[in-house]
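Next up: the structures, one after another.
What follows is a pair of complexes built around chain A, which joins chain B in one and chain C in the other.
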Partner chain A sequence: MTHIRPVRLLLTGLLIALLSTTMMAQDELAPIPLELPEALFIGTPGNMDVKNLEKPLGKPRPPFLAPAGTVNLALGKSISSSDEEPVIGEIDLINDDDKEASDGSYVELGPFLQHVTIDLETQANIYAVVVWHYHKQARVYFDVVVQVADDPDFVKNVTTIFNNDIDNSAGFGVGVDKHYVETSEGKLIDAKGVQGRYVRFYSAGNTSDDLNHYIEAAVYGKPVK
Partner chain B sequence: MNLENRPDIRGDRTLFGRFSDPSSRTFFLISLFILIIAALFRFTANDIRPFHGDEAVQGIKFVDLLENGEYRYDPHEYHGPTLVYATLVAAKLLGIPQSSAVTESFLRFIPALFGLLLLLQAFYLRKRLGNFAVLTILLLIALSPAMTFYSRYYIQEMLFACFSGAFLLIIIAHFSRPRLQSAVLAACALALMYTSKETFVLPLSAIITAGGLLWWQLPPEERNNYSVKPALSFKFSVTFLAVFFFISGIFFSSFGDNPQGISDAITTYFSTYLEKGIEHQWHVHPWYYYLGMLFFFQKGDGFIWSEALILLLAAAGTIAAFRKNGLPKRIQTIARFLTLYALLLTLFYSFIPYKTPWNMLCFFHAIIIVAGIGATAIYHHCQPQWLRILLMGAFALGFTHLGYQSYRANFQDYATNTNPHVYGHPTSDVPKAAALINNIAQTDTSAGATHIQFIFPGNDYWPFPWYFRLLPNIGWWSTIPENAPTAPLILAAPEMEKELLNLLYFKPPPGQRHLYLPLFDEAMYLRPGVEMRGYIRQDLWEKYRNKGE
Partner chain C sequence: MSEKKSADKPISRREFIARSAAAAAAITIVPRHVLGGPGNTPPSDVLQIGLLGCGAQGQVLLNASLKIPNIRFRAVCDIWKEYNLKRVYRLLKKYKHNPTDYVDYRDMIAQEKDELDAVIIATPDFWHAEHAEGALEAGLNVYLEKEMSNTIEGAKRIMRAAKRSGKLVQIGHQRRSNPYYKHSYQNVIMEHKMLGRITTINGQWNRAVQPDLGWPKKYAIPAARLRKYGFNSMQQHRNWRWYKGLGGGPVVDLGSHQIDIYNWFLNTKPSAVMASGGNDYYDPATHEWFDGVLATFEYETEQGTVRAFYQTITTNSNQGYYETFMGDQGALVISESAGKAGIYREQKAPLWDEYVEKGILTAPVAPAQQNTTAVLDVRETVPPPKYAFPINFNDPYHKPHLENFFDSIRGKATLNCPVEDGYETAVTVLKVNEAVAAGRKLTYDPDEFHA
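Here is the complex of A and B:
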């Protein structure tokens, strides 16, 4: 017993130190760095006549701020799609952390309104969502809607965190968010710390064709304790 | 050798009086040239330096007076009202109607004007000290980095130095030839000193002590040459006191609106300034702080600053004034008085623990006058002619060096702390941040005025209130505002970040925890070593981005 006591004390001390370090880290506001893919615009971009289009920033977007310990909860989690047989690629390319626009890194879903759903496998505080549809070319995707819910059928506690469907063609109401040009930075969406387990991404074609593409979708947050 | 008998300093053609003839074109041409240089150093591009916190406070007080007609003397801070009332007169003359038309350049025009008036005062000494001394004094005031830097500083100091200088000269005039006009003018000058800064007691004490000491050491037969008794006659004394109290009362009572200000201006010595001078929390420096800074200043491996030329010339002036034959008899007494005044005032300021660099102006002006006397004395003791030419060359080099330092201080190193006069000063990041925030605030027109919060412990967010005086929806906080709505744009001290995190990401219910982005691309500093951090809500940032900025 006398030999065990110092070991116990040491372990308890280490545990307390570890816990306090973790708690201290949680008390900090940290810029969440995104590892961005290489910009891949090829050729002269077309002249896009899209309503409610936001202007390009012309400089890198600053990192967003969130409580320290915020991570991409979507990475490698279970994912499903409205198009069970994508034209190109596999669904799990969407949350594999590969944000490159090269062939083999993206999924092409069929035309019209399609969606992908990521199961975070636990309730989470979601601070931000970043989505890359296709940045090999300057494109605008239509009817981009992002929702968070507690269940896979999107019935319980559904929150729409982004909606640029200006004519309500997707049926989720008229969106007030702007259309945007796809870039290697992806689209940063403020999730306002919403709680949920499932995140769904809708889109309905783009300025180049009627198809829907996804390179990567990241959901930044922390599991609810 | 008795200087009185030397042929080169006898009569009107001497160096002490060579240009005494009012028609002397050379003197006036040189003076004009110096005044132009002085004006260039004082008025040119005087808005390039970020507004100091103290300037911002005075600016806000002036704007309040301009727009609301309100000014109340505060016995705890911010000194007297002459600065804001002088600015009000200038604003009325120039037709500046409201806060939006008030620029930093306009505000700094006021001390610059008084900086120029300080030069003009030197002309009074022409008949007493001679043209060489006056030209030297003019050049030194025109080129001194301390004098030029604080002539571009919207605080009371240059006004105080100017009124103190005027009082000194009027007192000399009055005791030379007592007249009612000089008694009235002296009272006006003293009242303006008082209503500029509470420290008026220092130059006043120095003048009285210097005069007393001088009188005491004069042989009885020489005392008859001075009109001390007539100058202090009942008629003049009563007039002096009446005018002094009347003018002081007018200003401190805000022209009758705040009679309380008159008593506050007296009780402030017991409630504030006595304690501030001795036991202040900050700004406590050793006795040699001012002289050391003037003699040699280098921070790290930064530029070497020195106004040692002025100190050395003043030392020469002091020796000349007190040597038996150091100066011609007719100027010795006034030289001794001015030297004693400069020495006493320097001692007073040096032994008060509370020190800020701009406080030196009042006694440094006196030192410069003594330096003028010193330069003249050195010139006269230089024989033969080639030595004088050499000396003039050395003076020219010294003046050029001062001028170069003034250039650096005002147009190059105006916001870097390697400059001795940049004290507790905002960095150049402050106007940059202000421009960015103003720009973003103009973006958000749909929801009315953008709500902005400044959260700095101890309300250490100055001079921002000046830069954002036109924005209506700003919260100034020293702690995290628990019960106020969180603004989409926040500027805060780094130590507030943990509490801010709680405010932004934990306190609001899920779904209302907005995402914030860093406002600045790089570390930004309020003052050297004092970081400020900016946070912008993602939706406002998107709006700003879409504005195309």
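Here is the complex of A and C:
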């Protein structure tokens, strides 16, 4: 008995140490690995009279912290679109890691409400989504809605992580998020670790035209073990 | 067009409309779809349009036109069929238009001239004369992007073709249809002369450093086609505005819009210009035109001499773009960017309360307190309050100008920038580059403004 007790204490201590290390690793945060493209503004920005518009930060966005090991799970994954024949460009430009604004780096989807869906090909904890619609010109896109789900039809475990549809014209409810002006920083959405496999992006035109553009969409997360 | 038509030859849409109109004049019972009325758009109100030039500016005009009722794009044409032409064609399909796409404008005009009412031309400047001539000689009305041409001779050809054809030519100085500018011209300057005697104008368009336009390599235009249409490379095709012989450089691209306003608001043309500029920043091998120009015009008006400064630089975006008209009673600041528009009353000028009461101006906003201790400093005048205009304009910038063109075709309006006005502006602006090159003041002969 006298020999068993120290061993038991030792094992208990080791277990506690192991659990603590694991928890520390889980809690360890690091900036997400996000490289920004070159800023590019061309042409004449139009007048923008947009309700619920957020004020520009006026300085670079601070790094976004997520659990260490978080990566862009969307890169090169299977992607689909409501517009099967885009006006110009190809759908796979959306998750090819090319975030430049020039011709050949973006896809232009048809007018009015359109969406694209990325299959992460695994269930994942998602910490941040960053989307660049079009940063060649100062624009605001309307009815930007981002959802995460477990299935491609968006029936199971659907979570809306961003919605700036102020009049419910897209049909997902009135959004509480603000409109924003496109910049080369992209729009970073805090996904708060939501779990899912499919990420869908909606939009319904912009302040310059009725079309829907995507330069890049990145989904930062970690596969669920 | 042949005088005689065989009985079984299909008649064109334009012939049909002409015959319908003639029949309407001859008989008293006319179908509703010919005359229109509630719920019926007469065919003469639905305009069939061709777009010649599907690049960035062509797309701007197309997107603005798509927001205007009763406009149908029947044909589109661009030499970059792998990218821009495909893009515009597919876009129109999504809006349920059914255009035919062409690479060569001659094919488009030959095939479509009997069905089209007008052509919108948004090609590089050096093509404007040939494209506009071709369309006018085919009996089509023309909306022509500024600058009319990169040469005076090209602009003259367009003037002459317009006269010969009797067709409409609207030059794309879209500010002439902008509600802020129209209000300023009609009410502030002409009717109420709020500025008093205008003595000085200041304007600018400053842009930040920009990289050259690129292109998706897999969609490059084959070299033989580029050469056929006057370009020696994709680099030159994409950045034609910087090349002599193709465009006119920043002072023509940007300055033309604003210097056109100088002429319009002063109701005259300049008598002289001096200018400084150069290839100071970019690689002159790919940027042949001056990347910065500072010009001063002299105008002789009925009220006296007006000196007008204009600056365009491409290395710094400070303050963007605007025009300021300064008189002894007030200053008008105006810009296509609506937030800048306003008018400032000089302290000694008569009060403007009546204009606020009449709804011509909105009540003034008091100037911000100056962060200075020199409140009694007599060297600086107290800043005046800003009056704004009771206008809310959020449409695409080009939409009112296109609407004015389309309504003019329908006989419901007159052009806001007819070819004669565009020609005067082309003469005014193209001489700025000459003045830079000459390094001295150049005068305008009044006869220069007539083709």
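One rule holds for everything that comes next: the second predicted complex is superposed on the first by the 195 of 225 C-alpha atoms of A that agree within 3 Å, B and C clash if a C-alpha of one lies under 4 Å from a C-alpha of the other, contacts with A are read in each partner's own complex, and residues count from 1 in each chain.
Methods note: a residue touches a chain if its C-beta (ideal position, glycine included) is under 8 Å from a C-beta of that chain, and two chains touch if they have at least 3 such contacts.
None of these values were measured; they are calculated from a predicted model.
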Report for A:K178: first if it touches chain B alone, second if chain C alone, otherwise both or neither. first
So, A:A191: does it touch chain B (first), chain C (second), both, or neither? first
Could you look at A:T159 and tell me whether it touches chain B, chain C, both or neither (first, second, both, neither)? first
Per the contact definition in the header, classify A:P63: touching chain B only (first), chain C only (second), both, or neither. first
Between chain B (first) and chain C (second), which does A:A128 come into contact with in this model arrangement: first, second, both, or neither? first
Looking at A:S80, would you say it contacts chain B, chain C, both, or neither? Reply first, second, both or neither. neither
Tell me which partner A:Q137 touches in the superposition: chain B (first), chain C (second), both or neither. neither
Take the contacts of chain A with chain B and those with chain C, and give the residues found in both. none
List the residues on chain A that touch chain B in their complex, please. 27-29, 31, 54-55, 57, 61-67, 125, 127-128, 159, 178, 188, 190-195
Touching residues on chain B, where the partner in the complex is chain A: 497-498, 500-501, 504-506, 508, 510-518, 521, 535, 537-539, 542, 545-548
Touching residues of chain A toward chain C in the complex: what are they? 38, 40-47, 49, 85-88, 102-104, 108, 110-111, 208-211
Using the touch definition from the top, list the residues of chain C that touch chain A in their complex. 56, 63, 66, 83, 86-87, 90-91, 94-95, 208, 210-211, 213-219, 321, 336-339, 392-394, 396-397
